[in-house]
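Mind having a look at this structure? Questions to follow.
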Amino acid sequence: MTELAAVRAALKTQAVETPSWAYGNSGTRFKVFAQAGVPRTPQEKLDDAARVHAFTGVAPTVALHIPWDRVEDYAALARYAEDRGVRLGAINSNTFQDDDYRLGSICHPDAAVRRKAVDHLLECVDIMDATGSRDLKLWFADGTNYPGQDDVRARQDRLAEGLAEVYERLGDDQRMLLEYKFFEPAFYTTDVPDWGTAYAHCLKLGEKAQVVVDTGHHAPGTNIEFIVATLLREGKLGGFDFNSRFYADDDLMVGAADPFQLFRIMYEVVRGGGFTPEVAFMLDQCHNIEAKIPAIIRSVMNVQEATAKALLVDRAALAGAQASGDVLGANAVLMDAYDTDVRPLLREVREEMGLDPDPLAAYARSGWAERIVAERVGGEQAGWGA
Amino acid sequence: MTELAAVRAALKTQAVETPSWAYGNSGTRFKVFAQAGVPRTPQEKLDDAARVHAFTGVAPTVALHIPWDRVEDYAALARYAEDRGVRLGAINSNTFQDDDYRLGSICHPDAAVRRKAVDHLLECVDIMDATGSRDLKLWFADGTNYPGQDDVRARQDRLAEGLAEVYERLGDDQRMLLEYKFFEPAFYTTDVPDWGTAYAHCLKLGEKAQVVVDTGHHAPGTNIEFIVATLLREGKLGGFDFNSRFYADDDLMVGAADPFQLFRIMYEVVRGGGFTPEVAFMLDQCHNIEAKIPAIIRSVMNVQEATAKALLVDRAALAGAQASGDVLGANAVLMDAYDTDVRPLLREVREEMGLDPDPLAAYARSGWAERIVAERVGGEQAGWGA
Amino acid sequence: MTELAAVRAALKTQAVETPSWAYGNSGTRFKVFAQAGVPRTPQEKLDDAARVHAFTGVAPTVALHIPWDRVEDYAALARYAEDRGVRLGAINSNTFQDDDYRLGSICHPDAAVRRKAVDHLLECVDIMDATGSRDLKLWFADGTNYPGQDDVRARQDRLAEGLAEVYERLGDDQRMLLEYKFFEPAFYTTDVPDWGTAYAHCLKLGEKAQVVVDTGHHAPGTNIEFIVATLLREGKLGGFDFNSRFYADDDLMVGAADPFQLFRIMYEVVRGGGFTPEVAFMLDQCHNIEAKIPAIIRSVMNVQEATAKALLVDRAALAGAQASGDVLGANAVLMDAYDTDVRPLLREVREEMGLDPDPLAAYARSGWAERIVAERVGGEQAGWGA
Amino acid sequence: MTELAAVRAALKTQAVETPSWAYGNSGTRFKVFAQAGVPRTPQEKLDDAARVHAFTGVAPTVALHIPWDRVEDYAALARYAEDRGVRLGAINSNTFQDDDYRLGSICHPDAAVRRKAVDHLLECVDIMDATGSRDLKLWFADGTNYPGQDDVRARQDRLAEGLAEVYERLGDDQRMLLEYKFFEPAFYTTDVPDWGTAYAHCLKLGEKAQVVVDTGHHAPGTNIEFIVATLLREGKLGGFDFNSRFYADDDLMVGAADPFQLFRIMYEVVRGGGFTPEVAFMLDQCHNIEAKIPAIIRSVMNVQEATAKALLVDRAALAGAQASGDVLGANAVLMDAYDTDVRPLLREVREEMGLDPDPLAAYARSGWAERIVAERVGGEQAGWGA
């Protein structure tokens, strides 16, 4: 197989998980702008996600958020997804929207609140059993707003205790993905603020605990691809929550703010052996002002393009330049791949997969956007609160 | 009058405006935690604000947010305030919560939306006529989320045009305070992102247009006191929106995150001749998880303490050390004032003003917190949406 | 002329000024790594700069730094340059390397030091008269390291006074370009820290005073293209100091850290009518570890590529999408130009200009690198100190 | 013993190590301003350090930097120190100032350079044997400036290998302190950029490898006290390099930029059981423009004041407020200690220790400053290069 053929083959195996909540309404603390046609039920979210997969071919799974996607019968929901050509993916816990969680959840000073939070996480594992999901994705809004508000270290003890209980509950084929975040919604301390903290906890928990990297959850200037390379080296990279940002956790379409960074991240993934199913590639975005389904299609395509460029890097030439200390030469090898317009290649890949070469145009022609606006009338639109 | 007496006298003239919306519920995009006893009407907000003034003696005015504080009869609202010992202060416009404002307000690509936004600003001036308010405070959520989304420069033209129309409407004793903000809720461009942009617009508008500095609206590392000194030198500092932050626009209690910075800001205010009624000292905060009225009292006290320290700087000694290039000596003069515990001084000032020396304890003893929880039952709690 | 022909024509008119100091040694506070073959005299710097222009065709001028490039006879130096196919460009002042400048130069508390600094600036204008340079580029290392060290506002007064004296000295065809910088080498205050400060001073000075944007001199997260658009709108953009950065003022090759940002900047230049000789496009970089001449060639090419992409934006389609509020569509128009591989186009442009399509390969083949290593033996290598 | 007596007793046990290099010249990449009277030899640095200890009573040890402090006979140097009332402290390695280290040291792509770097580290352990130093402090300037320049992950492998060899060489009572740094002098990747990376390496190395926190080495907004609390919880906090910063690694006097942050750090130290000799409290600063010895005295005093405030926190009251979820109450307990003016307490402590209550005034009166200016004539002043 030629090298280009290998790149094509690899691109066909790509899998980007889309998040159920991205199909619903979202916004900022200032305003949530509702959009016509937004899903009202978990099933309608799956309908939309199935469209994304139908047109891109590389978005086969859908992440759920509990309780936003709570249903009576999860096995039925899984079948509903499969009937539409997609599968259920990671289960995302939510321990930040009950009034009880004002001062935290799993790290709360009150043991009763911690109990409630852990019980929710255990429920999520129950759901995983029903859906066949492999990954429990944990992000905690826990933290403090004011110096002194709570004991920083005691909160770590509580966190460790809660995580351990949930870890014990995991089945043999299940994993816990621990997400870190620099700040927000807490403004002074965050209980899992950086990859180091997530890593330290996962290390103690065991092999089924892995770190997840949300590309919007870092301090200004952080070199994310370094973290990716390091976690892969440590065997602790469980997956990504992809999105992009200019300032804070802006949750824009992945690749929209800094496509070069996304390419560098994907290069480290490829170089570090992370382009495998063991690393979950998920989107976690908000489409506050733009149309949601096309935004998600575009995001999937952005990941594809970055991946294609990463796969195109001439690694032998790169290694040679690096070994000889040729700074400009090595940089040029990397940039040559980045500067390549991979859109023609991806159009070919899609055609080989039996897809329209232009997913966005195909979606636009499909009439789906008009149909959901017409049909999804009444009921309550899905959003972060539901 | 001795110097210390002059400091005491100055402290008694201090006026910190509290914002009506800080008495209501607020939160992050993840969750608004409602609090018992929160006001349900503009009048109840004024009741609470009057308590803050009663216990601190230096919070005589209350800023309104339109439409959150819309009432039938603003003159009556002004009398309501005066009956309780406070006055109405700045009128804050709100052009970010209608569905029409998804892509901006005064900078929106559609002229009809711009018209609506300008009309709202003109309505705010009408309200100022009725309330006797001097200042129209303008903050725009306008901006874009994605490169290319709109024409950056055309938006400036629209902004200038809208501001000019509102400026023309101002009465002789009225001012327009233009606020800038680094980012949020827009994530790629913000139409008034920095003091330079606000300054350039105000300069063209005329003397009644002034810049307002929100202490949470800057890029990481920005030297805010430099901006304060510069705007005072240019005669363009209209006022402050005080709050504090560790990361983004966290809107924590002023002085909570970096009390030394607050002191340095107040020092430049004092040094630059800005400790006068021409500069409006306002709070603009969110008390998402802490009790609101005590948080506001504490914030007012934090401003007092920073002011007291700024007034205590031995300016003759400082000038001498600065002139002689004595880096450590000059720094030491400033730090000597900062390191001073001014709480005893402020207790004395309060006693001289006929107040309890400990406003927080006095508020706690007053029973107000219990009373509002008991009485404010039913109705709709005030928040950012109402 | 077709649109593509217009793009080609525009690209042939491009002029990127290279800085004499980038050909010499540079480093960090930790270490300056000397490179073999580095110039020892201003003339040798011009020799190198001539090579860059010879291979790129778009680097016709060279900026000087006084006193680093001080010579007896500037007219002779200008002829030396012209004999080699390049011209002398902006004169850069240097008021940061004398012991007298420990506490500042033009803002120093001591009038004698200020006098010395202003005299240096006046000397630079004398040099401009001799070299025929149009632009005096002013960057001041002035600032303070500790709160209280000096009077922030008084320093602004001194700055204004010094600039005014220099401005008066300018000839009819000469300009003053005032550069701002967020921080470094001063760590608490910088006397011209942001575009707003530079703009305010330039506005008072008059039309011949313009702001220069160094792409590495901003706070984290700053939207530089917004500043570019704003300064063009105000008629106050005098030029650029191009380089790139990940963290602080890293002075890496322009386009190396965030090529998408460079494209966005060039787009605002084009859109705002700034792609004219009135805006000076200059490099200001350090090649601490990489070979200097190829790094500068690469940088010039990076600017070319960003410019080509900016020129390729379908502005009619963009305006249409923007006007209709089509967020994704408008973004897609911009991204379509960015994602285009413009290297084939630029190779054609170079061939039409009679140049080798691959400047780096042509330079490598030219033997210049080996020649200067062989010939430039003995003497003192140029660097920031000489 | 009353609580206040316990605080006094604790303060008398404090030990802040001063760095030999802070007594020499330092600067930025733009300029090193030499100061009269600066030491010319390691012995003269010890003379100055002895003055700092003589006047503060809490600076008993001095860190060395190899090769800057290379001498023939380290045992003799140790005796020299003891004769003057101080002891030699940590040995700091320096693998960034040889030309060989242009592309790194212990992570360099060339095995020969790595060998040289490791040999230097082994030499440092030899020196420790001679000086009786406990700690080897490792900071690496290693990293890359351009994407692709070198293989990020391979560099980690090389780092691990080099560290392991040095670790094996440590004696039973010796430790390795691994320092991390966000950026500078490398601008794209840094090989130990954050605490997580340092922690992961130390964990694998073993108990004698510990992380050192330089307070200036973090991304903007990083919560350093959280890291301190976490490392103490993990048993991996080896020490501090104290300094302060507004922007990057400014290396200003500790406590000068954000005294509240220093207090919060010291609070977590005290709360986490880190106020013991097992945690090394060291200064690592540059006094570029201010007088060096008084700056170091001031820095030691700043650490003392922050420590005193941290010790004064009413931990029982704090725990109570935290447990009850009283956000404002808990914050108030912490702030009460911070707002206390501890200078009178420290004056008393000094008097009890037989010291002048005002170290800076006592130093000024001592005539030392004048003496070293008069005596240290000729020779080469110490600086970062020597």
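So that you can tell them apart, the chains are marked A, B, C and D in the order they are listed, and the count of residues begins at 1 in each.
In this section, a contact is a pair of C-beta atoms (placed from the backbone, for glycine too) under 8 Å apart; a residue touches a chain by one contact, two chains touch by 3 or more.
Remember, it's a predicted structure, so these values are computed and weren't measured experimentally.
Looking at subunit C and subunit D, the chains that touch each of them are A, B. Of the two interfaces, B-C and A-C, the higher number of touching C-beta pairs belongs to B-C. Subunit C has its Cα centroid 40 Å from the Cα centroid of subunit A.
Residue numbers of subunit C whose C-beta contacts span two or more other chains: 102-103, 145-147, 182-183, 188, 220-221, 223, 246-247, 256, 260, 289-290, 327-328, 331-332. Note for the complex: subunit C touches subunit B at residues 102-103, 109-110, 145-153, 156-157, 182-183, 188-190, 193-197, 199-200, 203, 218-223, 225-227, 229-230, 232-234, 260, 264, 268, 271-272, 318-319, 321-323, 325, 327-328, 330-335.
Residues of subunit D touching subunit C in their complex: 26-31, 33-34, 96-97, 99, 101-103, 141, 145-147, 182-185, 187-188, 220, 245-248, 250, 252-253, 256-257, 288-290, 384.
Of all residues in subunit C, those touching subunit A in their complex are 220-221, 223, 246-247, 256, 258-260, 289-291, 294-295, 298, 305, 327-328, 331-332, 338-341, 343, 360.
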